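Working notes, beginning with the structure itself.
In this document, chain identifiers A, B, C, D and E correspond to the written order of the chains, with residue numbering beginning at 1 in each.
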Amino acid sequence: MSDAKLSLRNIRKSFGPLEVCKNITVDVHKGELVCLIGGSGSGKSTLLRCINLLDPIDDGEILLDGVDISVPGFDPDPVRRKIGMVFQSFNLFPHMTVLENIKLAPMKVKRMASRDITEQAEALLDRFGLLDKAHVYPDRLSGGQQQRAAIVRALAMEPEIMLLDEVTSALDPELVGEVLDVIRQLKAQGMTLLLATHEMGFAREVSDRVCFLSDGELLEIAPPEKMFGAPEHARTQQFLERVLRTQNLS
Amino acid sequence: MDNTQNTARGKPRAPTRRQAYEQKARRKSLLIAAVSSAAAIALLVVLVPMAPGWEAVQRSFFNWNVLVKTFPKLLSAFTLDLILFFAAAPAIFILALVIALMRNVTRPALYPLKLFAIVYIDVLRSIPVILTIYLIGFGIPGLGLLPPWNSPYIWGSVALVLAYSAYIAEVFRTGIESIHESQRSAARSLGLSEASMMRYVVLPQAIRRVVPTLVNFLVALLKDVALLSFIGPVEVLRQAGVYKSLFANFTPYVGAAIIFLVATIPAIRFADYLMAKQNAQRTR
Amino acid sequence: NECSTGKTLADGMLTIATGNPAYYPWVIDDAPESGQGFEAAVAYAVADKMGYDKAHVSWVRTSFDGAIQPGAKNFDFNLQQFSILPERAEVVDFSVPYYTTTKAVVVTTANGKQDTPASLSGVKSLKFGAGAGLSAATFLESAVKPEQSTLLYDDVANTVAALQANQVDAVIFDLPTALFVTAVQMDNGKILGQFPTDVNDSPDHFGMVFAKGNPLKSCVDTALAEMKSDGTMVAIEDKWLASGAGVPVIDMSK
Amino acid sequence: MDNTQNTARGKPRAPTRRQAYEQKARRKSLLIAAVSSAAAIALLVVLVPMAPGWEAVQRSFFNWNVLVKTFPKLLSAFTLDLILFFAAAPAIFILALVIALMRNVTRPALYPLKLFAIVYIDVLRSIPVILTIYLIGFGIPGLGLLPPWNSPYIWGSVALVLAYSAYIAEVFRTGIESIHESQRSAARSLGLSEASMMRYVVLPQAIRRVVPTLVNFLVALLKDVALLSFIGPVEVLRQAGVYKSLFANFTPYVGAAIIFLVATIPAIRFADYLMAKQNAQRTR
Amino acid sequence: MSDAKLSLRNIRKSFGPLEVCKNITVDVHKGELVCLIGGSGSGKSTLLRCINLLDPIDDGEILLDGVDISVPGFDPDPVRRKIGMVFQSFNLFPHMTVLENIKLAPMKVKRMASRDITEQAEALLDRFGLLDKAHVYPDRLSGGQQQRAAIVRALAMEPEIMLLDEVTSALDPELVGEVLDVIRQLKAQGMTLLLATHEMGFAREVSDRVCFLSDGELLEIAPPEKMFGAPEHARTQQFLERVLRTQNLS
């Protein structure tokens, strides 16, 4: 267990009377890609936000490389450098060009020289086919390009693990593919990834393990073949049926 | 227009049914608008002078001789309004930003600052500007300050700065709060500190977003500079008042109104334009 | 000059303040430098007695309220019909009175109030206007108690304008101002009467205003006393102020 | 709190690490806030009276005797402000709505109305309120109107109504334009006429949306009622001015400021609350 | 041709220099369900808005029951009564309850008595499982419920044809099914339907004919088997491939 890159132990989280995470325990190993699936409001985003210390958990432990980062009062900023996060609504800073978006955190947090980080950023942009958009403002980009830029921005901090929260669900169907390609590429390079997604096909193809959340409970963890082929829980079955009925009809 | 466009694309086409109709409709509505506007204006021009008392109105309010005699002096008095305005505006901007940030403080140790900001904003927003001007502009110099530190110009401007910094602090606060939580999350998740987030991510967007409101408040400020005349400075309103007494005629006030119209309408239009642009962006 | 040496704002200069604008008949044509008008003449006469010739007098303007607030001043003394009141004397110093007058009620023939009997009960029924700073408002309240609420204005011109616009039935001024207004500013104005000298706050004593504790006050007081005893003051009065001799006195017993 | 809640759900649990930490943090920050605030206030209370001139300030601005003597009269003068306010507010609301609708007219035949509305709004927004009050409140009665039609109360209120209806017409217009095109599309696609759409779909939403801004403008109106004192009415500002002249003391102005504070802060808070509620709804 | 319920002839529409509909011709017969598919910005929404006379067309004719309703100056309101339209973003009036939303147009346009229309509205709500939500404000409803209410609102005007513009694309995947069910029901009842959609599976299952739009051009009209099985155009193939790759991976 202690060899896990990221390890969630009995996480609990409530908003007022609403329990959003109910005793969630899961490990993510180095280089592994774990998908979180589940209905709307099942707590996927909240769980990811908690891992990145954007929301404090009520109870339980979050271990990063065996260190409990959820100790109350723990300084979140160094932790966040190691954990990159990308959101559903692309969240680029609209008043900065793509390159400025990418350079901001390395310059202000890591205090890197502008020149060094520019080189590194351009290399990243090039790798993800965005080099020609470096000096463009986000509102001139398509959703897919914005989302890829947001991923590059997170990568520029050289995180050890990436959290991706439904990074394709605000995209037009045609643009989904290019973002999923980026995720495949990240996985191929050995990045540890935890992602919440509604793209069942993609989850099935790419993930090492899939977690099914329902109303804040982690009902089932299984390899994708098992999860999509022969889910154990009735609720998992029911959820998959409903979603797949429309997504995979053809 | 449409035809030119077609030609420009190298495909001269006969006007379509819609184009023909729209051209006709446009002509017709232009005609109707022109005719009805002309009729309305003609009615005004013909009927108003026939109204009983129109001559009295004209003599009292639109007296050409008085206007010609007073306007140059009014205009030069207006430069004082402008000087006071340009002296106060930057101070207001900086003070308002400081107060807005104090208002937003979350660290308990800094709580007195927050408390101060809340009281500051509340008190100065609730009191009529003219009262603040009387209190500060008359009151403080009365405390035994020596010239030049008892100048009504200084303390009048201070009164305006205090009053408007409270208003504009609220504008900034609204701007800061209008920046979506997700922008903050994104900044924090990159490891930016609270202060860096504010400085590089939130404030630049917030200020940009409130620019139209700021312009409107600047227009209000320019108009309220006129209130300083009540504590001494002979700016355009007071100058008009002096002429009004002298000529027993309201035309100098009309002259002052014209000066304000010319000075503020472009700014108001600019604010409207910025606002419309932002709205268009938001709904796109 | 020996009395005031080192006590003036600017060495060797006497800085005198008046209103903005300054009104007839106290200052003619809003130009005190000319020495025309009662207060302008008094100011130069005082200056003369203190040893300052015309070239060593400079004028500044202040608002009425600005002058009687506490604190340092940008003038040596200020004259614009300040009534000497004990409350005011707590924050500024007054010279001995340079003029004493009564308050008078001005009406216009345009609104049919010109025949109001010159008695307390008669004026009680009028709607009054007055200058806000000119102690008239308090006088009305304490001595007349008019039946309708009084309207107050910032200066003489606005008060007269309100009377001419029929917004008020009558206005109240000090007698010289009333005489001037009815003689020059209005063609249908009439003084209904002046208040007797034995009611509250009447007569009005006009004094020059000094910053509290200004040592110059004693020099000016001496100068004013001299002017009164050698007849200068009477001459100036006769020259600039119309005689109020024919103005009826309001009967406060009816 | 947390414990009670746990108990209420029938699962009494030991406080978690987070709960313990937060309780401690809360206690600590409360303590820090209390101590630092108390220290700040203590400093104020001790230091300020030691400042040179404090006695003069106290005598001029915070003179208890003067306050006691004048406050009841100030309060009763304030009722005049309230009366004028409540007379003007409904007229402003109705006139502003009419002007806003005129401003929005698209039919060419009604173009003069639109033109009128544009000029009306531009002119009245650009001129300082005090100038409008002088022009209308002093000028019109000077034209030979007979009592009671020359009353400064009437014409002063008219001046306020004109000025504020222009501001508030713009508020309504912003509200109307903020209703998303898709709401209009939906209404039109149901076959509603332009007028029905405006009346049943757009206006109810638009007005609701601008309520906070309206409240803020009402606060501004109440404060500007004080400006009517310049044309005669003895409301609280003028009453304070009379006392100020009489006592040569600024405490009556402080009294007037207190009255405005008490009268407007609840309204301002209410507007803030409404605004925050709307923002919360929009970002949800 | 003239027996078509709705007939579009050579429709052209530009926004400034941008041609959004390029010479589009298509017929929709009574009781038929026609789907519009195509990438983002291909002109689907614009075409539907033009049919409902919300945007004027530049050239061409729109015939409803053989009557040209696109004649410039034609009164749009009677036409709109016959054509119901539902939008992507549900567009219920937020200041009215569901029932009030439904009653507004019949009362103000058809001048029906409040009682009559209440009965009719309740019957409709019942049919679509929303009766218990009649007195609820839209913001208390889920997206799926809102969209169903919007459909009921359009139906209450008893339109002869319904235009649906991506009515499911703003919905969470789990809620898509319930709205698609409503459409199936409408089709079963013989309603003429023209719908823009990204749900390829659904389009394939339910439509009589599918139109593929690309950059404002109507590239291909075909029955669903043909369109999804053996599309003629290279661009159609490419589009379907890209979309189906993510939607139907599993």
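Convention: a contact is a pair of C-beta atoms (placed from the backbone, for glycine too) under 8 Å apart; a residue touches a chain by one contact, two chains touch by 3 or more.
Because the structure is a prediction, the values reported are computed rather than measured.
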item	value
Co-neighbours of subunit D and subunit C - touch as defined	B
Where subunit A and subunit E overlap in contact partners, by chain label	B, D
Per Cα centroids, the chain farthest from subunit E	C
Chain separated most widely from subunit A, comparing mean CA positions	C
Distance between the centres, which are taken as Cα means, of subunit E and subunit B, whole angstrom	46
Distance between the centres, which are taken as Cα means, of subunit C and subunit B, whole angstrom	41
Whole-Å gap separating subunit A and subunit C, where each centre is the average of the chain's CA atoms	83
Numbers and ranges of subunit A residues touching at least 2 other chains	none
Subunit D, residues touching no fewer than two other chains	56, 60, 138, 142, 241, 244, 250
Touching two or more other chains - residue numbers and ranges from subunit C	65, 69-71, 91, 158, 161
Chain pairs that touch, as defined at the top of this document	A-B, A-D, A-E, B-C, B-D, B-E, C-D, D-E
Subunit D-touching residues of subunit E, taken from the complex the two chains share	49, 52, 54, 76-78, 80-81, 83-85, 87, 89, 91-95, 104-105, 108-109, 139, 150, 153-154, 157
Partner subunit D, residues of subunit A touching it in the complex	12, 17, 56-59, 71-73
Complex interface listing, subunit D residues touching subunit A	5, 16-19, 21-22, 25
Subunit A contact footprint on subunit E (complex, rising order)	39-40, 168, 172-177, 180, 198-202, 204-205, 228, 239, 242-250
Interface residues, subunit C side, partner subunit B - complex	20-21, 30, 62-63, 65-66, 69-72, 74, 91, 155-158, 161, 185
